[in-house]
Amino acid sequence: MIMDSGMTDKMAVNDHTLSKENVPALTSLDTFRIGIVILMGLVPFIFPSFRVMDVMAKIMIFTLVVASFDLLLGYTGILSFAHGMFFGIGAYSVALILYHTAAPAWYHIIIAILISLVVSIGLSLVISFFSLRVKAIFFAMLTLALAEFAHILGVQWTSLTGGEDGISFTLPWIFNFNHTFGTVWHTQINGRLVVYFLILFSTLFLFAGLVRFTRSPVGRVLQSIRDNEQRAVALGYQTFRYQIYSIVFGSSVASLGGILFAMWLCYVNPDSVFHTAIMVNILLMVLIGGMGTLYGSVIGAAFLIITENWLPQLLKSAAELVPQSHVIQVLADRWQLYFGILFVLVVLFFPKGVLGTIRAHYRQRVIESESIENQLK
Amino acid sequence: MTMTPAIETRNLSIQFGGHVAVDCLDIQVDPFCLKSIIGPNGAGKTTLFNLISGQYQPTQGQVLFNGKDITRMSAAKRAQLGIGRSFQLTNIFSSLTVLENVRLAIQSRQQIGMVFWKDFSKYPELEEAAYDCLQQVRLQDKTLHEASVLTHGEQRKLEIAILLALDPSVLLLDEPTAGMSLEDVPAILEIIQDIKSQQNRTILLVEHKFDMIMALSDSIAVLQEGRIICDDTPEAVSGNPVVMEAYLGGGVKHE
Amino acid sequence: MKSKANTMAGLGLLLMPLIWIDPVTYLTLTVAGLSLGMLIFLIASGLTLIFGLMDVLNLAHAAFFAFGAYMGYTVLYLFNSWGWIEGASLWGSLWFLVVALGTAGLVGALLGVITERLVIQRVYGDHLMQLLVTVGVSFVMVEILKIIWGVNDEVVPIPLAFQDSFIIYGVFVEYFRVVAILLGVLVFAVLQFMLKKTKIGIIVRAGVENREIVQTTGYNINRIFTMVFALGAAFAAIGGTMMAIFNQAVDPGMGDQFLIFALIVVIIGGMGSVTGSFVGAIIVGLSFNYVAYLVPKMALGVNFMIMAIILLIRPKGLFGKE
Amino acid sequence: MNDSMLTLDDVHTHIGQHHILQGVSLSVNPGGATILLGRNGAGKSTTLKTIMGLYPASKGSIRFKGEKIHREKTHKIARMGMGFVPEDHAVLFNLTVEENFRLSMVEETETTRQNLEDVLELFPALRKFWKTKAGLLSGGQKQMLAIARVFVCDHSLLLIDEPSKGLAPIVVDQLGEALLRIKDKTKVILVEQNFNLACQVGTDCFILDDGQVVFHGMIDELAKDKPMMKAYLGI
């Protein structure tokens, strides 16, 4: 069953007693979800190529980051351009600690997680206190300025961050890529595979946490605030507090996503984690999947990352079909242009995104069948 | 015997710019009564509501709720205490379903708004309670509709259902029939009558339909330029020539 | 009383760097800071205008700015290739500047018209959509810019006369800095006149709130909106050319780098207030220069600190309303 | 009829998928006030907005002073001398009372300034709040401002949508007087639910039902026609 309030409401209304006793059976959509997770787990064994595994790992990480962003944008109605910055904070905290310690051990990763959480929570609290009370648009501006500042800091504070060259580092303990544990199914079980599964399970766990959060009473209040804040206050909700909850939680998850990202690449630089282009990508992923759907983040992340890996080559080979045309060559080189155009078109003409559109359609059908029922009565 | 009034204001004033909208106003509303507030446009009726429900902070004076000073309390806190209000222009969560609109109100009343670890479907009793409220205002057939697709009259009913769901001891109704077509008005009237006959809530009502006020009210306060010029029983008010001059402009027209 | 105290406090802060800097250097830095401030004001003014009147936060502003910078660069590059720039007199150089600024302004206005008609017009009244869509437009425009001019930094040929300076009381003042200050003040005056003395301000603010009423009163609100947006874009482009000459270089990412200044200025000054932006830009320009002289690495950080402090005292900015 | 000021001929209007006006034909002569009556949703407001060009007519023609206007832009129609007061306190909340008036003076001339003085005479409360934001006015004061601001310009035709909605009786009386005064000078088309007010100011009237005109006649004739009133107005 789609995570759809309409459907649950219907059950509750028409069938109070039934819904209480019934243990929910596995629906086709649940099976689909479990299937995807199992498939993700099997990928390293089915496809020996690193390329596929790399794409899968990035899809998972970005699903997580995009979902946490959706919590802010889609469920709370707050546009924070600093979300990419929190992602960067996570990535840099693990990179810096492992890089600056002589002999990193497993607990250094725990320390990195703690540091990034503390920094993210602290910073998101500060941002909220400064800007939430004024106006949503102000929040957007302030976070954008902050994100730019973080990028500049990453580039210019060379003694700490290594500047534009970035930091490469090695992972400790079982995560070390040189670690091997033997072979299963013709596939070598090594540190990289361990990290892959760490990403898989962390994403699963945190994503489930986000789903639970949005489906909890708090999540419901957030949606009401997005819709009509004044009314939510009149109902007795202290809206400010709820918005802070959402921002702190979302930002923390984003920084955890950053940690996973850095661990997968074993390399960070300012452009790869702090640049506005990352933020634009996250935005595009949310929009394509559908704001306020959470599950849409899977669709958005998968679409964009797969295209990103495949579009440049496709354009290049297409450009070669037209020989000696400089313009076409240049147009093929700037493949990000097409993302930008797609972005604008999606915002203007497809604002609900893939999953949002499907759900709206589905809800319409539920209402129609309900009104037919009423007429029959 | 003197009862503690459910709502009392003392010397209440508020200014906007240089303009005094409510001017040293004292009003007392006895518990479980229905008091109407009438007066020409601009007399400060809605402003008074905003002061009582906490949307505005007064420039001077006090607001008391069951004898307790709530002047410095936020709007959200007052709602939790039991002061519920409806708005002059319809004010609902338009992108949420009808049921969800009411469910949120019940959730607020039961103080489980801060729970983030439990799935909301673990609270079926909330939905049942919401369903009951919707039944009271005869909207039970529209539970799954998005609130924005309701007609104007239905939205006003939903607004009252939300208010009931908060289970407030004091209801502030700001022109519940405003903008409604004539054929929808009796339904609202009936609903207010229902609430009143349960004898467990205090109601403050702002309304322009004079017949309706005469039929419903226990007492009527007449506001003019931010002051109360008369506060009495309906009969006394309708017999008061000063009031009739100020409010009805001479000749009383009963439609 | 209070405003007097504020002015005194402001003056005190302004003179504070004299504790560490000798007076002549201080004056030099002040002139440089003022001219930087005016350049930043030029960038921020368009943003403020569009936000204050049309209630649109235009994040594509940085892209208009960058386009303007490249247009100015192109004009000067052409003049240089014809050999006009090198030996030009001060007045000749001024003419080149006017042509460059004019071209940039026209192109900026044209881009503004296109953007407004194609995109912005569909999202009036919806802040979230505006933010999203202008981020997208910005992204597209920077990519187009890279297609036209390439991804590398380019050196902007500068008339030598601009780099000349004259000396007053031992303080070196470059001619270009004077031009920058005059231009900033001129733009400020034009904006103030437009907002205070004409009805455009009223019409546009009214149109933001309720198009129907404005149309039925007899105004062609669509055209007026397009014009205001184009004007904001033109200011951004002019600011871009000025900044290109000031830095003597252009690069595709320059929009983002300077957007941060514009944002800080608008936040400090109060959103939508032209006077606020003017004052905010001066504060940012001066403090940036003083601090860059004393502790070079802290320059941008100090601007952030000033922003934070002002937000703490006045959450709506210096001149912000409601 | 060539001397009619405004003629609608078989006008259809769609809003989204809804077919709101289903062939409205009516014509009004210069002078006096014409009232549009009918139930909620009968299409009265849509008729006014279609005349004003805010909704495109999908079929039919509209003529104003002999010129076809059903393809014109709203602001052009307005400049031809048609004024419009939409329903629900149609003022600009973020503008002061003064700015609201300045906005309505498309050209600030001696006449408009004189008109403004006259209007302020009629609604003295507005002078008191001259520098106040219109959003801070009470509901009734907003409605007064909404009407007062169109009186400033010399229109030849005024379309007014439910001016008495949400007003206290005494203010309705005041409004009635203002309308009586203006209708000597300017033709008024009024949508009104308050039948007393309609009778007070109206000369002739049209009743709309389900997007069509079902009655046309003098308003005092209608007042006598009890079955008609019952059937279409629920009175």
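As written, the chain order gives the labels A, B, C and D, with residue 1 at the start of each chain.
The criterion applied here is as follows: a residue touches a chain if its C-beta (ideal position, glycine included) is under 8 Å from a C-beta of that chain, and two chains touch if they have at least 3 such contacts.
None of the values given here were measured: they were computed from a predicted structure.
S.K.: Which chains, if any, touch chain B and chain D both?
M.R.: none
S.K.: Chain C to chain D: how many Å between their CA centres?
M.R.: The answer is 46 Å.
S.K.: Measure off the straight-line distance from the CA centroid of chain B to the CA centroid of chain C, and report it in whole Å.
M.R.: 50
S.K.: Using mean CA coordinates as chain centres, what's the gap between chain A and chain D in Å?
M.R.: Computed from C-alpha means, the inter-chain centre distance equals 53 Å.
S.K.: Indicate the residues of chain B shared as contacts by at least two other chains.
M.R.: Residues of chain B touching two or more partner chains: there are none.
S.K.: Counting only chain pairs that touch, give me the topology of the graph as line, ring, star, complete or other.
M.R.: ring
S.K.: What's the complete list of touching chain pairs for this entry?
M.R.: A-B, A-C, B-D, C-D
S.K.: Using the touch rule from the top, collect the residues of chain C that touch chain D in their complex.
M.R.: Per the touch definition, chain C meets chain D at residues 199, 202-203, 205-206, 209-210, 212-221.
S.K.: In the complex of these two chains, what residues of chain A are touching chain B?
M.R.: 5-6, 8-10, 12-13, 16, 19-20, 212-213, 215-221, 223-224, 227-228, 230-239, 242, 245, 366-367, 370, 374
S.K.: What part of chain C is in contact with chain A in the complex they form?
M.R.: So the residues of chain C touching chain A come out as 57, 59, 119, 122-123, 127-129, 131-133, 135-137, 139-140, 143-144, 146-147, 256-257, 259-260, 263-264, 266-267, 271, 297, 300, 304, 307-308, 311-312, 315-316.
S.K.: Over in the complex, which chain B residues touch chain D? Could you list them?
M.R.: Contacts found on chain B: 16-17, 19, 38-47, 88, 175, 178-179, 181-183, 208, 210, 246-249, 253, 255.
S.K.: Give the list of chain D residues in touch with chain B in this complex.
M.R.: 39-40, 88, 125, 128-129, 131-132, 136-141, 143, 165-171, 173-174, 193, 196, 234-235
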